């Protein structure tokens, strides 16, 4: 049913999951900024307060995340799973996230990649979200009986760092070259002041986006990684390839 | 330069290369049918007359290919490289193909995948085309001096059989579910009567497309494989993922 | 010791594990049908009642599974782990499954593949069974002290869907072409009426088997994936390769 | 046609291709010894006289290869392609090898693996043989018109060294544990005296086979790598898996 | 801070984690022997008493491990996680191991590889250690507040068997050719008498090291697998490559 | 023989092969700068004059390369293979390059990576060099009889762009953080003025090196990719891992 209605879903929300208060913004804040500019609502689900990090108190980090989301125009929700640096893969977590998916009915879901050589919470959250978007479709899950099953349109991974980029998935580059998008993204990253004071996170992310942009013959691009093959009506959306140098 | 004109390139041609008279139609005829229906011109470059095959004379096979292309609405050109079952990777071939790319100025180029465990001509042609679309961009290639450099938009691989599907590239599924597209594709395959009489090629291709379709929650889909990361302006084109069962 | 007795083990049972009442039949029911026809006993261990699915009550699904196994000639056992859509990877589960392996002393064990982009219960069960067949060999596991260690002969993965097919293991195709095997397999799938009413599962599985068959130059084949390298006495069993088209 | 006759093909020959006079024996001489013992004829096609090696004259090496093949009971043929350390991938070579395949009508073909980080002649010969066994099937190849098309049963790769073992194919272990087979294999390797005097080749190969044997719970085994999925009538041949320690 | 002090860290300890009393010695005892000879302290953390194994009582195995470590000159510590054959991936375990890392302040950490087709405890311990060395760096982990954060220099995987060798990481070979190192390693393995009586573990490990040595043009070498890219000041340390035969 | 002399080979030259006049400098000029600073001689072999490129005449490009090498302190040699954009894999080329290796007797050889999705000359030159360093060791190659066989120490790949970075080899990062090294590298790149005027090559390379540096906790690093496993005497050189963020 849903599938046949796809052409009208352009404005259904994008839902991004983050293990820590700053992950979404650093990894793909520019994509979120662009989607919002194009009229798509964005929701963030943050699964810890970053309390195990070396810098910033939970209170500060929650405030920073709220400020950052506000700058982007995204809505924000904190949930509690096992706490920062304590995340485990439990079916109860996946079901909880599936409930959020049912409630928010997103078109597109973003989550950290499954590459294991990164912060332990990142890939575990990616696993949980991948399972959650599947469970959101299954009609018989008891804990979710009061929420209608929802099939999302697509599931994409983001990579907080180079190391987290999956080597077995072909990336898709989202063009974030326009100055207003870059400014909005940068402002959102700057809002996480407790983190950016300690390490050159913003420089890292802009360098990654610039390198992608150079490959693509544009200014800046953010790489996302498909959770499933893309289904398209024609070749038209594919007519730009990143083939630099 | 070209990049900034992308929004107007929707109707620039798709150029498909085939090692034998029937490869394009069997591998991705449905995609071609759909593109033509949507107003995009399609050109086929066929690099042998299938003279090493077990069935059909070169004369028959050329006639079949012409009939098939006509049914689809594609234009067709036979070229000579080394002959069927004799194709080698030579820079002169790549430059010859680059000249064709410069002459026809396609937006999207299709070629056989690089998986080596298939007909020896298939992956070699894929290599040559991949190199050709790069050489088409380089200004100093002497043999091509009388043709203006051309940068294509995107390069995609097709797979004539299961075995030829690359395992390290994330496929993109093109929806070919509508009855008229399926009918047009089937007719194009049937035009290769010398081949379909000998083996169940049509059944194989429709079974593959049906299996893809079932994964994607639609009727039929053909998988293509990106030669380069896709560059997109937003997430909108990605909102359908193949996530069946 | 066991190894030298291998030539007499032809009739030792095949033991198949399924996360849900219909998984084994859909993924590899044809293989089971053939083994039973050839005189090998088959046992199914089903680890949930499919209670989280969108279609069919647990009662219906248990009845369907019993009917299906009966049609095939397999014996069937339901066990409880964490319940449908709730399966977790716990050592207690692996040990429980190892106990079943010790009790039933199978020669060959079948389990769902480890590819993670499928139903969350599938690959987790695959993990648990892989660990279980190893633990079944270790003499000191306390919970299993009253059961004699058992070393199985071989461990193979099945894939319920295309997406679940491992890309890093070379498949082995089991020929299920004979009409009686296909009929028996189809009947076993049809017995899961609550599922087949909702989606085209049978068509999907037969299309997959037909596509494999076309690759192998036969009618139908089911792909399994080796859990360990095969050990053979000679090249004789290898003299048929799937090399179609 | 051929496929239905498979049950009678047990004694059809194995055909092994080697780039240098000693490659086959070092890589898989034990497998050849076993096949011959079981009554299967074996033919070796040697594509150079090892004239670029550091040790042994062409004359010596031809004599050693003849002696070695005689010890194993295999027939031997030297052919000329481009010469040792000069092999190139040319369609004329593949067609020449295809002619040999048509003439000798083997059931099983062995060739060096395609891993490129080994002697340049090895993987190139593997490519040529892979293509040759395909071309042997195609009816229209002009150079081969006077030889009837032949479809082999299966194509397997051997690895002369560790580095040449493909990482993306699941190995199959052939049990070469019996003392007479090991003795025959060792003698065949010793016949290449010009080579074994210079480096510890025999020790290397026996160490590899012993390590495989330990994994498989037997004495010695040689790993081969499938060129295509295996097609089997039942699970029976699969009931031994290498799962050591 | 630590990074700039690297040139003085040559003698900071190596910390090796083992799931069972004999894993470290069998997998990489020769490397430990060499490091100790060169003046680097070595500590072993053993996470079970091997109580689920088929051979040896816990008491025996603890005694064997102590004897073995003493022979090598390493210090040894037994800890309790979930017990042999019961290990699970829990954040509490990773945090416990991170505490050990903070306490012992190693330069280099060794742990079992992440390849899943081995003893279930091995790869799980590898996961836990990988996460632990990351958590050891994060300042806010509550359970670790009384221990100063510590950033290790490098993290390397060992492989207890062939099957456990990662196929996607480039190995580094540590030269253990000198007779005294080999003797020390062998003695350490022999100390695990309850295990070596049952299976040919020592022969397996020496065969693996000999095969590596032959590839590298030396006597014996042990392969380790990098947990992260190596960072070097120059090409000087890289001037020996394993390129045999 | 050579192996035992390794400790004295620190100052043996590094030999870098480039397909075009600017490839070496852009890909790994910083590494070369550092090696030269540390007293290791560096030689460049340039295999075309870049005559197929869009920018710069052959004369200009040769002059730029000479200037660039001079700035770095490397010696430079132009050779002719098939010409820019025309390179083919021929045994005569590999033998020619092997002759250069024998003549220059390098310790370490650098060549472009084998990833095929880059300039067609790049990966082909990588293939040729990989084969050449092997052929340089073989005593019987006739064309090389007047040059003594030479076994290099190690073979490393460089990647001119992101796309050319091998995904199946673990990179090693060479620290090029010191301001003088960065300045020397930048000057060497700037010397290729005809190229840098047209595209942001310098920015790309510095961005890549900066991103690597951030991963490694330093300023800048260049990634190289091992052609063979590293052989080391101890763990000491490995005590810095790139594990950022």
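Letters A, B, C, D, E and F mark the chains as written, and numbering starts fresh at 1 in each.
In the analysis below, a residue touches a chain if its C-beta (ideal position, glycine included) is under 8 Å from a C-beta of that chain, and two chains touch if they have at least 3 such contacts.
It should be emphasised that the depicted structure is a prediction, and the values quoted were computed from it without experimental measurement.
Asks: If you take the chains that touch subunit D and keep only those that also touch subunit E, what is left?
Replies: Correct list: C, F.
Asks: Rounded to a whole Å, what is the gap between the Cα centroids of subunit A and subunit C?
Replies: Going by mean C-alpha positions, subunit A sits 36 Å from subunit C.
Asks: On a C-alpha centroid basis, what's the spacing between subunit E and subunit F, in Å?
Replies: One centre to the other, that is 34 Å.
Asks: Got the subunit F residues that touch at least 2 other chains?
Replies: Residue numbers touching two or more other chains: 89, 119, 134, 215, 227-228, 243.
Asks: Report the complete set of touching chain pairs.
Replies: Pairs of chains that touch one another: A-B, A-C, A-E, A-F, B-C, B-D, B-F, C-D, C-E, D-E, D-F, E-F.
Asks: For subunit B, which residues are in contact with subunit D within the complex?
Replies: Counting only subunit B, the residues touching subunit D are 50-55, 82, 84-89, 116-117, 119-120.
Asks: Tell me, which parts of subunit D touch subunit B in their complex?
Replies: 89-91, 94-95, 114, 127, 130-131, 134-135, 137-142, 149, 227-228
Asks: Quick one: in the complex, what on subunit A touches subunit F?
Replies: 119, 160-163, 167, 199-201, 203-204, 207-208, 210-211, 214-215, 244-245
Asks: So in the complex, which bits of subunit D are touching subunit C?
Replies: Residue list for subunit D touching subunit C: 3, 6, 9-10, 12, 14, 31, 34-35, 38, 40, 107-108, 134, 151-156, 168-175, 215-218, 221, 223, 226-243.
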